[in-house]
Each structure stands twice: as C-alpha cells, then as structure tokens.
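Both complexes below contain chain A, partnered by chain B and then by chain C.
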Partner chain A sequence: MSSPAPSAPRTGGRDVAVVAFAQSNHTRHTDQLSEVELVMPVLHDVLKQTGLTANRIGFTCSGSSDYLAGRAFSFTMALDGVGAWPPISESHVEMDGAWALYEAWVKLRTGEADTALVYSYGKSSPGSVRDVLTRQLDPYTLAPLWPDSIALAALQARALIDAGLTDERRLARTAVRSRRAATANPHAQLRGSADVEDLLRRPYEVEPLRRHDCPPISDGAAAVVLAAGDAARALHANPAWIRGVDHRIEAHQPGVRDLTDSPSTRLAATAAGAFDAPFDAAELHAPFTAQEVVLRRALDLDDRVRVNPSGGPLAANPVMAAGLIRLGEAAALIHRGEAGRVLAHATSGPCLQQNLVAVLENTGGGTR
Partner chain B sequence: MSKQPVAVVGVGQTKHVAARQDVSIAGLVREAAVRALADAALDWADIDAVVIGKAPDFFEGVMMPELYLAEALGAVGKPMLRVHTAGSVGGSTALVAANLVAARVHGTVLTVAFEKQSESNAMWGLSLPIPFQQPLTAGAGGFFAPHVRAYMRRTGAPDTVGSLVAFKDRRNALKNPYAHLHEHDLTLERVQSSPMLWDPIRYSETCPSSDGACALVLTGERGAARAPRPPAWVHGGAMRSEPTIFAGKDYVSPQAGRDCAADVYRQAGVTDPRRQLDAVEMYVPFSWYEPMWLENLGFADQGEGWKLVEAGVTEMDGDLPVNPSGGVLSSNPIGASGMIRFAEAALQVRGLAGEHQIDGARRALGHAYGGGAQFFSMWLVGSDRPDR
Partner chain C sequence: MTTAAELLAGIPELAGAEPVTRVTIPARLEYTYSPGSAQARFLTALPEKRLLAERCPQCTRVYVPPRGACPTCGIATPEQVELPHTGTVTTFCIVNIAAKGLDVEVPYCYAYVLLDGAHVGLHARIGETPYADVRIGQRVEAVWDDRRLGPSLASISHFRPTGEPDADPESYRRWM
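Then we have the complex of A and B:
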C-alpha cells in the first residue's frame, strides 16, 4: 500500500498491549440500571480475565459524557463501580473511551505505571440522543439551528453519492454485511438483517439515509486492561500489542470541510504506522454506512480486509463506548489468534470530525 | 527509555471577571493561549498537540466544547484531548499534557483550561434532578460547610481563622492584575461581618463565579533551551481519586489528598515540605480549606494547620506563603482554577510573578481538588532542572 508519510512513525518507548477486553450486552433500554450498575459487571469481567484487582492496577482512566447522563460530574458515581479505595491514580476524559485508552497508553509509556484499567459507558436511552448530540455543535452559529446527528450524516452521505463514491444500494450492502456479521457477536444489539432489496423498499429517515444506514440507539459499557512489556506477557498468552496509536482533529464547521474525505484519519493512520503493512481486519467506528466509505478511502482499505467482523457500530452503538469497543474487538481478534495485524479506529464529533487510529499486532518484544 | 524532563516555558491567563461579554468561549480560550505562546516566543505551528480541560459541560451548556474549539486553538490536523476530572481538572489537564512530553510522544504541547460561568448557571448545572440520587441543591458551599465545621470541632480552631485566610487572599489579589476580585476597601472586620451563606462559611470567605482561561506551553529539554525566559521544571506530578461517599471517609483530610502529596514529594525528593517549599498555590474555594489542606499536604501536623494561619506563616511575607496570587478565593473560573494554581506555581519559580512574586522562590507546589473532596491533582515545580 502506498501513502504519503509526512512524519516518521515513532520509535522507542515501552511496548504496551491490550491484555483483556469486556463489554456489556448492548440494548435499547436499561431502565432498571444506573450507570454504576451498567459498568460494574464489565469491570468485574475484565479484571477477572487478568486476575488483577482494582488496587493492583497502576492507572485507571475512563471516558463518558455528562450530557448523555443528564447530570454534571456523572463519572464520579461510575467511579464507585471501580472501588477506588484505597485511593487510586485515576483520570477521566469527556470523550469516547478510545481517548481514555490513549491517555492510559501515554501513562504507561512514561513508565509511571505497568498496568491500566480503561472503561467507558453510555446510556443513551433516557433522552433523545439524536437531539442531545446537537448540543456539541458550535453554540453560536450551528447549535441554534438544531441540525441533528442523522441530518448531518445525511449531508455527508449526499456529498459521497454526488461525488460518485457510493450509492444507496452499496450503502445497504454495508448495513446487511455488518448486521449479519453481528449474528456471531452475542453482545451486539442488532443481529441479522433483511436483504438489500427489502431494505431499499423502506422509507428514508433523512434522505438519502434510511433507517438501516443509521446506528441503533444503545446503552452499554466496555473496558480493557492495558499492560506494558513483561507485565503484558505475564497477563496474556497473546497480548495485542499497540504498535502505534495517534489521533487528529479537523475543523468543526461542516461547511469548511470536504465531507467525502477524512484527512485527520489519514494523518493519524500515518503516524500510527498503519500503512507499513497490510491488515487482516479492521474495526471501524463508522456509525453510519456512508462513513465507512470515507474511512476505507482514508485508510486505503480494499475488499480483501475484513471490516467490522464484530458487526461494528451499525450493530451496537453505545455512544462514548463504541470507539473503545473497536479497540477491544480488534484486540480480541488477536487474543483469539484469528488475526495477526488489526486496525482499530474511533471517531468523535459530527461527520467524523475527530479520529483515532491504532495498529494492533500479535508480535511484541522488539520495537520498530 | 527514561522519562524526559518537562519544562513550563509559557504561561497565559485572561483577566478573570464575572462576565466576559465581549468574547465568545473561543475568544476566551484563544486569548489565554496567545499569551502563553507569546511568553514562550512560539507560534501555533510549534505546537504538536492540544490538551484542554474544563469542569462540567452544563456550566456553559455546550457538550464537548473542544470539538468546536479546534480551530480557535490551532488544533486542526493535530491531536486534541479533553480532560474532565471535576474541580481538579485544571491540574489534571496540565499533568496529562506533561505526560505527553515526558513519554516523548510530543515535543511541545499547549494545554488550556477554562470556564465561562456567565454562559450558564453553575448552581443549576449542579442541581439537575438525577434518578436514583438525592438532589444536592445547596451548591458546593452547602456540601463543604459541614466538613469545615467538622474541622473546627476536631481541632478546636477559633471561629476567626477563616476570615484571616479570606482577608489575606483578597489582599494578595490586589497585587495580581489577572485576579477577578480587587477589593481595595476590604477590611478584616468587613470579612467577619459579611453575611453567613452556609454556616460557618461567610460571603467573603467564598470564591466568586468567574469567566476565565489559563494556558501553559510545556516542552522538553530542547524546547527549554530555546525558550527566551527561564522555564519552570516539573519535579513531580500526581493524581489520586477516592469515592464520593463511603463509610469511614475522612472528608476533613481525605486519604487521596495525602497520598497524592506524598507521591509528588517522593518524585521531587522533598522530605520536609514546610521547609523545602518556597510557595504554595493551593485550591482554597472556601477560606477554611487553607488550614485543612495545610495538614492534608503535610505542611502542618494534624490539628495544627490553623495555628500556621494565625501566626501569619502563610502570608506573603511568611515563611510558607500560600496563594500569593489571591487564589481561588479571588478568581474562580472553575475548570481553569486548578491550572491557574499550577501556572502561578510555575510563575513563582520562573521569577515572573510580578508584584506577587515571592523573592527567591525556587520550589513551589500547585494543588487542585474536586468532586466531593475526592479528586486530587498536584505538581511540584522548580527553577532547576531535575537531576533524576
């Protein structure tokens, strides 16, 4: 594969791996569960996999959003699920958990910790997530217009169709492929799909997007454990080594961006070393079918690469956790010996404004 | 590969005020960032990554505002991280940024923290009805007042100690051009006769609501060598968290605060903080927290913190000046308040604190806390490059 390489991939530093991954069974409603109750079983699961306890973890970092929870400082209660006593070294990002993983990765690279617990959660069901997400737009010029998340994604899809880069039939194929792949994923919310012809007969949600082009509304949580060097080797027979990870942001206003392209994804992928070798699989955080087109182009992924074998965010989309789940699913492929080199991607903001790319491999030890 | 030493080469703040109606949120954060870059004699192109922090998004009514701030902070095409650890966030944000340099992920990082409280109402933001939980509608003061009372009962401190701290910090603020409150006519008697808000906390013993931003430029050894003005070196930094509520929690002197300070001192090789530190910028939103934190941070024995206050030890000309900038009691853009503590500590050891400079300050502590006295972040900065 060829791609410009504006900056050399990073060398040196400690090798860090994903050694455990757990997630909830994502559902449309969790009326009977608080955020703590949503998170706790996942934390117990991920720690049990490693045999570690909260007080033996070197660093803990989480990602979540107060606006989903509908309250300020929502993460303080979720911390109860961790059991932060005696006190722990801990941080939180108001971002998808993929960025919490990034902060933890940096922490392990400093050498100040050997293990890290990363978790995130999103409970979208109490409100209208479609409307809630309008509140993350420019508060002076964009948010007052209330363009919702599906309308913005539809603008992006329209730009792609107009540019001849996709059509409604191909988008439907992506939906079918994703949700049928999810039949093998017990955590997915939408498992299985009607066929393309059937889907194309259904009405538009926001033209040119139909309901199948949009992600489900999900409540869910996810957690991973990271470990450095020998600690990783001690905790898993097949650690998923993070060979590179980087993230980049673009301008906010959709009007100043080319929505058919994702230069931030390409920059992050280049810095993460994604173009050095081909991938066996990719887990892409593309909540809308059309966004997979943008990401495949930015990442030079052709049809030989298995994309979203988990079903991806089209099968389960707990906001704030869906990106971390991509990293976890990518790692799990390596843990199970089903892939040797996997790309994981996470996104944030309207129309793929901010993107993170990680390269996970089954071979560790020597640094590049 | 070992950690790289981290240097603070740029500091910028806005003039903190009740309402910055002349600028947008983007304008506010950019103002602080531009000043930090100017201090470091760097341009936007010299910045590799941006780390931004603020307190709850409900305080402005914008969800994840960093997305919309990408352009204003020159972050387009760069990595941008958003930290949120409650009131300690300003400090935590600086530490996350410092780790990017320490881990050699980036060469030079811009970190910014802000709050524009006038955009919304913090009391409302903290009082949304939550399923499963008792509402807390008394604001932060209502939450912390019982812990202050517990401190007074535990130590036998006289009622006047809080007013001494408030009067000191508000007078210190007169020397700080960026401070929100410049109360030239304030007297100790006026502090002591100001209205009781949350017994035992009086109006003049309470932080204001401010609009403001703070920014730092952090870099490694090469960046420090190129900087036109003296850097502040990070000798230690740590975060600690504990749950909000649990049986046996000590709200007066939380274990997480003690552990965090101990970690920072260990990293910095400090064994006697009272003697080895020249200035402290601690997070004191209600005046009584100064004696409480003096004990929690190891500057005084348990039950002795208030005696240091009474003896004038924490005055600008005392042997352990606390909050020469005027502190949170004089300026409180919540999300930025922690970073302002870190920034003011850096200014002290750079010798650039202006009128509120402590002569010869070579080591200073920046401290922040948040949530239900459960999140702590601290850094210890010095004029000399750390030798370890």
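Then we have the complex of A and C:
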C-alpha cells in the first residue's frame, strides 16, 4: 500500500474493532473433515458471538492457499460454509487470513461496509508442508534447490547465533515458555513442554534447530468479526479497537537480506503506531524460536511485555490461519479485560519475509 | 517489446552471450486428498449401488453428492437421504473431442441428471440411445458397471432412457 511518512498519523476513515474471534482445535490431521467441514463450525461460533447472520455481514474476506490443499480454487468450496446466498460481497486472498483482515479493515474504513467476517484455514496434512512452502521461492534460482522451510529457518537461526544475539539454550527457553503458556489454551496443539535441559539433549532437526525450535504441523481454521464505530459498540462491551495496522515486505531473495533484522516489521510497526506507548502483551507470529529474537528486536519488546500468552505458533501453526489467530488472540485479551494495549504481528514467506503489525486497544479515539 | 537479445546488449558482461529463453524445472508435490465426512459416506455407499444424499434442515434442499454444508444456508446437512436410481435430464451436450487421458470413445453425451428427490444435478453420461433423441426432460435410470463397483462415480457406467413420458417441466425448472 502507499503510505504517508511513517510518523504522520493517518486522517479520515472510521474506527474499526475486532468484536469476535473463534478458532478450531488445531490438530496434526483432520482426515475426516473436508475444508468446509473444518471451517463451518468456526464460522458459526464467531457469528453466534455477535448474534449476526451471514446475510447481515457487510463484507466477507478469507485467506487460504491452493498449494496446501493441492487443488485449484479450493476456497470456493469452503465458502459453502458461509451461506453466500443471496450473493454476498466477498473476497479472497491467497495469503494468511491476517491479510484478509487488512482488506476488510480497509473496506470498513472507507465506509463501504459496517461489519466484516474474516476467516482463514489451512490443512497442511494432505501434503508435505515443508516441501510445499518451497514453491513460494524464486522459481529460477532458488525453488529448483528445494530449500525447505526448516532449512531456511535454520540459516536464519545460525545467523542470529553467529551475531551473538541468541544461543541454543535461550531458544529452548522460548520453546518451553510458549508451550507451557499453551496449557491454558484449549485450542493449542502442543501444550506443555519438557525442561530446557531435556530439550537440549535431543538431536538436531536441521542444525542449529531442534524439533522444539520448529512449529508443529497443524490443520486448523480461525475467524474474526470486524465492526466500525457504533456497530462495534453495539456488538461487544469491550471492542478491541484497531488503532493502526500496516504491512511491509522484504526482498524476495533471502540471500540479499540481513536475516538477523526485520526492517519491514519495524516500518509496519512505526506506521501502525506501535512505538507510541508500551504494550501489555504481544502476539507474535514467529513459527521458529529464533524468529522471536528478530521480532523482539524490531519491535523493541523487552521482557516486561508478555509475548504469546496463547502459546503462539510454536503451540499451533495452521498455515494461512496462524497470523489471523495472532490478531484474534490479541483481541481476545482485550475482550476479556486482561490487557489494554496489545500488539499483534503476522508473517508470510520464508524467514519473516512479509510482516503485518496491528495495534489493538481497549479504547477508541482515532486510528493512526 | 524488448527482445532477450536487446536486453543482453545492455549488459557488457553478457555481450555476445546466447540469451536464455527457456528453462525446464520439474516440480512434483504429492497430496493425499481427504473427501471429508459427507463425501466419504456418499463414496462408500456406491459399491452397494446406493446413492446417499443429504438434506438441508433449513431450506430442505437435497444435495448429491453431499458436501456436508448447504451452500445457500451455510449450515451442516446432517440428514441422510437415499435416492432412487431414476431421474430427469436437465441439460446435456455431445462431446466430439476426446479429452486427454479419458478412456471414453467420442462422441458421447454428457448430461446433468436430476435424481428424483434431489435439487442439484448429478454429472453423468447418457447411453443406449441415439444422441439425437436426448432431450431436456427425458426420464433416465442409472446403469451400474458391475466390473467397476467401488468408492467412485465410475461405479455408474451411464444413464439410459426409461421410456417413461417426459417429466413435467415444473418438476425440474427450479433445479436446472
């Protein structure tokens, strides 16, 4: 998107809030469920929370990937779960649902709709997600080498360790903290963890990453309802107002990037107003332990900020939904009155290539 | 449009080089597709020569093959309905070009058959009749292929005319 200078507040538009969030119980396999059978209960849950029905929603936007499903136009089948008749205003992004939320946010800001249903889903179980993700790389020089997602994340982790920014023990602590936090999250796939010492005795998956440094392979779905202004106040006693949201992208070729840094995250955070005030909590889409180091540095998050109280993507990582879940979990903290200002981050591509940052608050009063 | 040779001419290091105009990079991904609960019930009933549909509890439409959700209402369709093997042609075409990998002789007749009691057409071939006689409203019945019975619609070889009078257009007009 085109954007004003990062420090300049955006003017105009309406305040938009997350007023409901639902997700599936994420699991390694959902062989008994088609995509629509996976998504539909989540859609019903999120709509029931607001009392809205699909035909009263102003705009519907979803995110998913045909590469995961192994079928063309697979999202059209999932749309059966929405009830798109009479025809609804609908869109789809071949991206994580966080970017579907961004599209819906723009739609609501312009006044074209007052409410939006945003959902996304991913079934990684039909194929080998490690290999599937290689297809997003440069098709001439990189994809033919099939560098899988764990190998690329390992390169990034190695760069961070070599730069003295982390070590294997600290990475293991991140894994333990995340999966123990997930014991309170009934939707998480991995809940609880062995001790750091135990983990460090286990073999490498791709050195320097061990299995605990990697996300689980998950099938799952998530949905949120957005609403603008008075519609949001009518639908929830504590709307999670989106004070700012922006997304930025790094170069496509990982070889030209400094993998220890994330200027795109910092730019998006600046534009979203993340540095204006401290946060109570942050939901970071860091599927690999070492990526949390990069994000904490880019976002200036110190140890006082609770990071991934849900367990984060290390506890459940349904590809294409894990980013939207960060936004949903951040909003849920505000809905429950557990936090007043929360940062949500979503990523896409290898080694944190593309990053979205949103600032959610429990009070309205202007969107950046 | 700039040609590849013109592009190369602007790069001194590549002066005189043969332009790369084509690369072949094979890629193969394998998937194990799961049809889901509703389609699995439909598929596993086919070897028993049974056609299992599902009814929407809200709009009462009957879907075959079922997909587990009513696309109109956006709700689950838990009620199972077993359909008869007879139906009505609601649209058709004659295919004269052989599709790659399809083991069917051309020309053949491809049609939608609205099974009695269903509200969506089943994809099917029409046989045992001159194609010039195939028409919308024609009554047909399934002919099962005993050699290919399995969890696949290939269990039905084709549909053939029953010889009954054509169906009343009002019976299928809304479901074409």
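Please note the rule applied: the second predicted complex is superposed on the first by the 357 of 368 C-alpha atoms of A that agree within 3 Å, B and C clash if a C-alpha of one lies under 4 Å from a C-alpha of the other, contacts with A are read in each partner's own complex, and residues count from 1 in each chain.
Heads up, the rule we're going with is that a contact is a pair of C-beta atoms (placed from the backbone, for glycine too) under 8 Å apart; a residue touches a chain by one contact, two chains touch by 3 or more.
Note that the structure is predicted; figures quoted are calculated from it, not measured.
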For A:127, is the partner it touches chain B (first), chain C (second), both, or none of the two (neither)?
-> second
Please determine whether it is chain B or chain C that touches the greater number of chain A residues.
-> B
Which of the two partners, first being chain B and second being chain C, lies in contact with A:109: first, second, both, or neither?
-> first
For A:135, select first, second, both or neither according to whether it touches chain B, chain C, the two together, or no partner.
-> both
Considering only the touch criterion stated at the top, classify A:40 as touching first (chain B), second (chain C), both, or neither.
-> second
Could you tell me if A:246 is touching chain B, chain C, both of them or neither one (first, second, both, neither)?
-> first
Considering only touches as defined above, state whether A:143 meets chain B (first), chain C (second), both or neither.
-> both
Is A:71 contacted by the first partner chain B, the second partner chain C, both or neither?
-> both
May I ask you to decide whether A:85 touches chain B, chain C, both, or neither, giving the answer as first, second, both or neither?
-> both
Which of chain B and chain C A:54 touches, first, second, both or neither = second
Report, in rising order, the residues of chain A that make contact with chain B in one complex and with chain C in the other.
-> 34, 67, 70-71, 77, 79-80, 83-85, 126, 132, 135, 139-140, 143
Any idea which chain A residues touch chain B in the complex?
-> 10, 12-14, 34, 60, 65-67, 70-73, 75-77, 79-80, 83-95, 99, 102-103, 106-107, 109-112, 126, 132-133, 135-140, 142-143, 246-253, 263-264, 267-268, 348-350, 353-354
Which residues of chain C touch chain A in the complex?
-> 23, 25, 27, 29-40, 67-76
Interface with chain C, chain A side, in the complex: residues 30-37, 40, 43-44, 54, 67, 69-71, 77, 79-85, 123, 125-128, 131-132, 135, 139-140, 143-144
Tell me, which parts of chain B touch chain A in their complex?
-> 1-3, 24-25, 55-71, 75-86, 92, 96, 99-100, 102-105, 125-126, 128, 130-133, 238-244, 246, 254-256, 259-260, 371-372, 374-375
